[in-house]
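Before anything else, here is the set of structures, which you'll find just below.
One chain, chain A, links the two complexes that follow: it is found with chain B in the first and with chain C in the second.
== the complex of A and B ==
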């Protein structure tokens, strides 16, 4: 077990190296010239050239990469071309709301979606199943902005229960923070809840057909015990797989939700940076997002190993 | 003896299980009467679909919901009608007073919980007042009772870490931990090797006699019945066609169906009559090796030889059986020859063409394979005709040619050519295996590998498919490499038998030589383990 965890943790090292290379190349082979952008439209060719030299952009790419990678490993992601502030500082200010939104969404989706799917599997073919899967289909197919604006109108604008938009840091006013996050979480979470409900239904339904579930019944186990200790225990692996990989989509989906609800998170930061070609920020955000993703995947794999001894080998 | 005074453990009377409308017959089980007394072993025999498993499921309350509604009659366990109890009452009975073991212990056990905890669950359900320490003790005692070595260690193991025989012992420990009055065993040894089967049969028989448990033993293997049964009930199409004491039914069957079941199990003595003239050598394996690596610890890897240096020749027209227990390397050997896996060392030459490596395109066409489970080796979403013509079309035949050839092949394997347009689910298991054979023959191979190709079939169907293979061999002058764990089948079809043990050849020779006067202890053990055949060896020796 320990050996599996160590091996899994070590396996992230080459992945991180490849991600760093990819992030670096995407920005540097992207075709836009950072020196040109920083110098501004009015600058002449000579000025741009001086700037290029000052920034070290005229050196060979491998040297630039090693330089950048070295700094990155020391925790220095450079400074924003426009604001001059260190990228690390900008990201650390913006990462809080994004993480809060992502984790809140996942919690919402898992806490509702998995029981929904499980209950649907138990009642497969009868009306609770049809009702729940109908709800899931709707959650699955509604565009995010329709969900957002419907919720805003009926829960925020008309009754005034929730703020229409904006973000309050939890340390300022925790109640207000929760109220502010509710609508964004439901907006983003409706899709994931439906996804998890459908995956859980399929996984549990498959497990209920398995021989070992029949064995549990033959032991005299109660239906609840058969469902939880036997079927769900084994269905957990496919369900956790989909939860883990949803995280990638979630980090992407955050951009739209942050914009709709005016939340100052990573998504907003990177959209602004892309429009301004502020490449240190873009690099920094992509890298941080990728690292989060690698970390989440590692944790998912480790949970697998806890749940299923066959994976440990 | 005095039947009226001794109360029956199980008394099934007038059991009827309706099938849903549209099924091939109205009742899965009709008018079934069956009694099991204390300490009695009753064998329920019949082909698949005869209703024997459903009878067991009805007793356990494990029938699918659709069938549950159409159950009539009485199933009394020590005087209590199991069809009339509430679900709560039933849950208190199953696992405690009646318990069940199943055919496939791998899937019947929870894959991600250690086996100790799985046995302990029975105690948690039925003996909620027991403390953790007492439960632990009882679990270890149960593992001890089924003769598992080092119960401590086994209790912490997961099913995938145990052998098939060990898993079935765990299932038996789980079923018997509360000393039920009735044990239902549904084909509990069908998925096991002969030697393991013999051990498990002995264990069940032993526990049944010692504890006075009544046993309902479901099987399709008359050999097994011969070894263990006190009383035999023969079922066909949901009805009991014959029942009586084991000696009476087996020794003097009154029904044709019973006779057919008995005759379908080949005697080891029924070696093919005339040794035939064999053609030139077609396949020559020299020092064939295949090893796999397993991970051990963080960086260490362990190598193990699935096939460790095998020399073998197969002549044109020869049927060569490779027999051995699971893990002996017989399937790996077959897969190397078919080019499905790359050998780690040694050489395989097919024909005289040394330059053709095993697994090359040309060789794949010359060597074709039929697999164990016809339900899974045909693509369920393709018409069987499509599956048959795919190979020839890959080798350049036109659709028209390939389809014409497929129609001929269907006739050759005893199916109607117009069934090419049907899907696999529309055929029975035996028919599907015939289709798999037609698919293999479509490429006009010189060597046909049958990897446990009849093991998943009923004895009567098994016999038909074996006859078909032999007939095809004769007509097409094929060589057949027949992989099996069943010596009785091997005896029936082979010219030569190769006995494999742990990746090496333990013994090889003509059928009469290997089965009649086995030299290696391993072969002797395999032969001794064959169920129900102990008297027939002398005949082979006499003929030799």
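== the complex of A and C ==
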């Protein structure tokens, strides 16, 4: 078991290296010159050249990469071009609302989606299945905009039940925080609820066909016990996989949702950075979200090993 | 996924009513997008300051925006952009993804490398990478298409690789190889017929995702140039006057929804009716 955990942790190293290389290349292989962006539009060629030298941008790319990677591994993500503050500090100030939104969305999607899919599997082919899967396939295709603005219009703007936008920190007023997070969570969660419902249905349906389920039934286990103790327990593996692997998309969706609802999280930090071409911020946020994703998926694989002893070998 | 046995090859293209509905919606969207300049009496960038933020009326069926442009006209022209992006990215991702997937599935030392790169791509949020690429690569249509395409590569590569790995161990393929059939012929005779249907299905999902990704990037201000009537641009602009003129947001959002829903319905229908291996069984 310990050796499995160690091997799984080591397996993240190449992926982290590739993500770092990719983030570096996006900035340095593009048509535009970081020194040019930093110097601003009014700077002359000589000024840009001095700056390039000062920043070490005239060195060979591999050297620049190693230098940058070394700093990054020591936790130094550079400084914002516009504010001059360290990117790490800016991220740690803004990460709270993003984590709250991501976790809230995941909870919403799992709590609704998994039972939806399970119920659909149990009633496969009959009307509850068709109804639930119809809802799921619409939810799967609804772009975030239509969900967001429909909710804002009918639940916030017209009746005033929820704030149209904005964010209240939980320590200021927890009730207001929840009210403010409700619409963003449903907006982002509708898609993931549908995704989890589809995957859960397929997973439970597969398990219900297995021999051990038939055996359990033959022994006289009640349908509820067959479902919870036998089928769902094994179906948990694919369900947890999809939850883990949808984390990157979820964090990307957070960017747009935060912009739609004016939530001051990492997403808003990025959209503000876009306008000023403040690339160290964008780079830093991508790295942090990728690391969160890699970490979450490592934990997911470790959970498997606990659930299913065959994986440990 | 239902537990009904896969249909026999002869019945492959019998599509269910839902898929036909999706195809019909898609056909209408394509037709109205292509014919947009002839359908509407207005141009997508015609400004009319006298008719700003007008609600839907006989003159402007779906209202006007903040500078008096006709919303329906712009949405129809937006369809040209979105459908083109979806189609181009779908084709390009399929081509590149199949090549990478075949390499990973047949050249052992490349397998680990390609799959780690794919893991890396999957770890990074597509929207953020798109933003970074467009910001650093100075915008432009090609940067945008690449930024949209790269994050959707993993599905195609993984599917192609698993197909290649499963097909190469089939007895008829081994027999053909031992009989001296060369690689191009092997691919043509054995890989393509097996892989075409699932790849087309993946292609529809990639196309739908590309359409959504373009609208997200445009909405964030790093997509199509702001003067172009892309749906994301329209939503970004419309939200500034959402309280007075919600149609400025809802019309492009509904067009986007209809397109994505239609493409996904067609994809689901094709998957259910062609996929003998039931690769995407969710």
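Simple rule for what comes next: the second predicted complex is superposed on the first by the 311 of 313 C-alpha atoms of A that agree within 3 Å, B and C clash if a C-alpha of one lies under 4 Å from a C-alpha of the other, contacts with A are read in each partner's own complex, and residues count from 1 in each chain.
Simple rule for what comes next: a contact is a pair of C-beta atoms (placed from the backbone, for glycine too) under 8 Å apart; a residue touches a chain by one contact, two chains touch by 3 or more.
Computed from a prediction, not measured in an experiment: that's the story for all the values here.
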First (chain B), second (chain C), both or neither touched by A:282: second
Dominant toucher of chain A (residue count), chain B or chain C: C
First (chain B), second (chain C), both or neither touched by A:70: neither
Partner chain(s) touched by A:143 [first = chain B, second = chain C, both, neither]: second
Which superposed partner A:128 touches (first chain B, second chain C, both, neither): neither
Touching partner for A:56 - first (chain B), second (chain C), both, neither: neither
Chain B versus chain C as contact partner of A:271, first or second or both or neither: second
Contacting residues of chain A [partner chain C, same complex]: 14-15, 18-19, 21-23, 26-27, 30-32, 124-125, 137-138, 140-146, 149-150, 152-153, 157, 195, 198-199, 201-202, 205-206, 209, 242, 245, 248-249, 251-253, 255-256, 259-260, 270-271, 274-275, 277, 279, 282-283, 285-286, 289-290, 293-294, 297
Of chain B, residues touching chain A in the complex: 60-62, 90-96, 99-100, 102, 104, 107-114, 121-122, 125-126, 158, 160, 171, 174, 294-295, 297-298
Chain B-touching residues of chain A, taken from the complex the two chains share: 3, 6-7, 210-212, 214-222, 225, 229-230, 233-234, 307-310, 313
Residue ranges of chain C in contact with chain A within the complex: 1-3, 116-117, 119-129, 131-133, 135-138, 143, 208, 212, 215-216, 219-222, 235, 239, 242-243, 246, 249-250, 253-254, 256-257, 260-261, 264-265, 268, 281-282
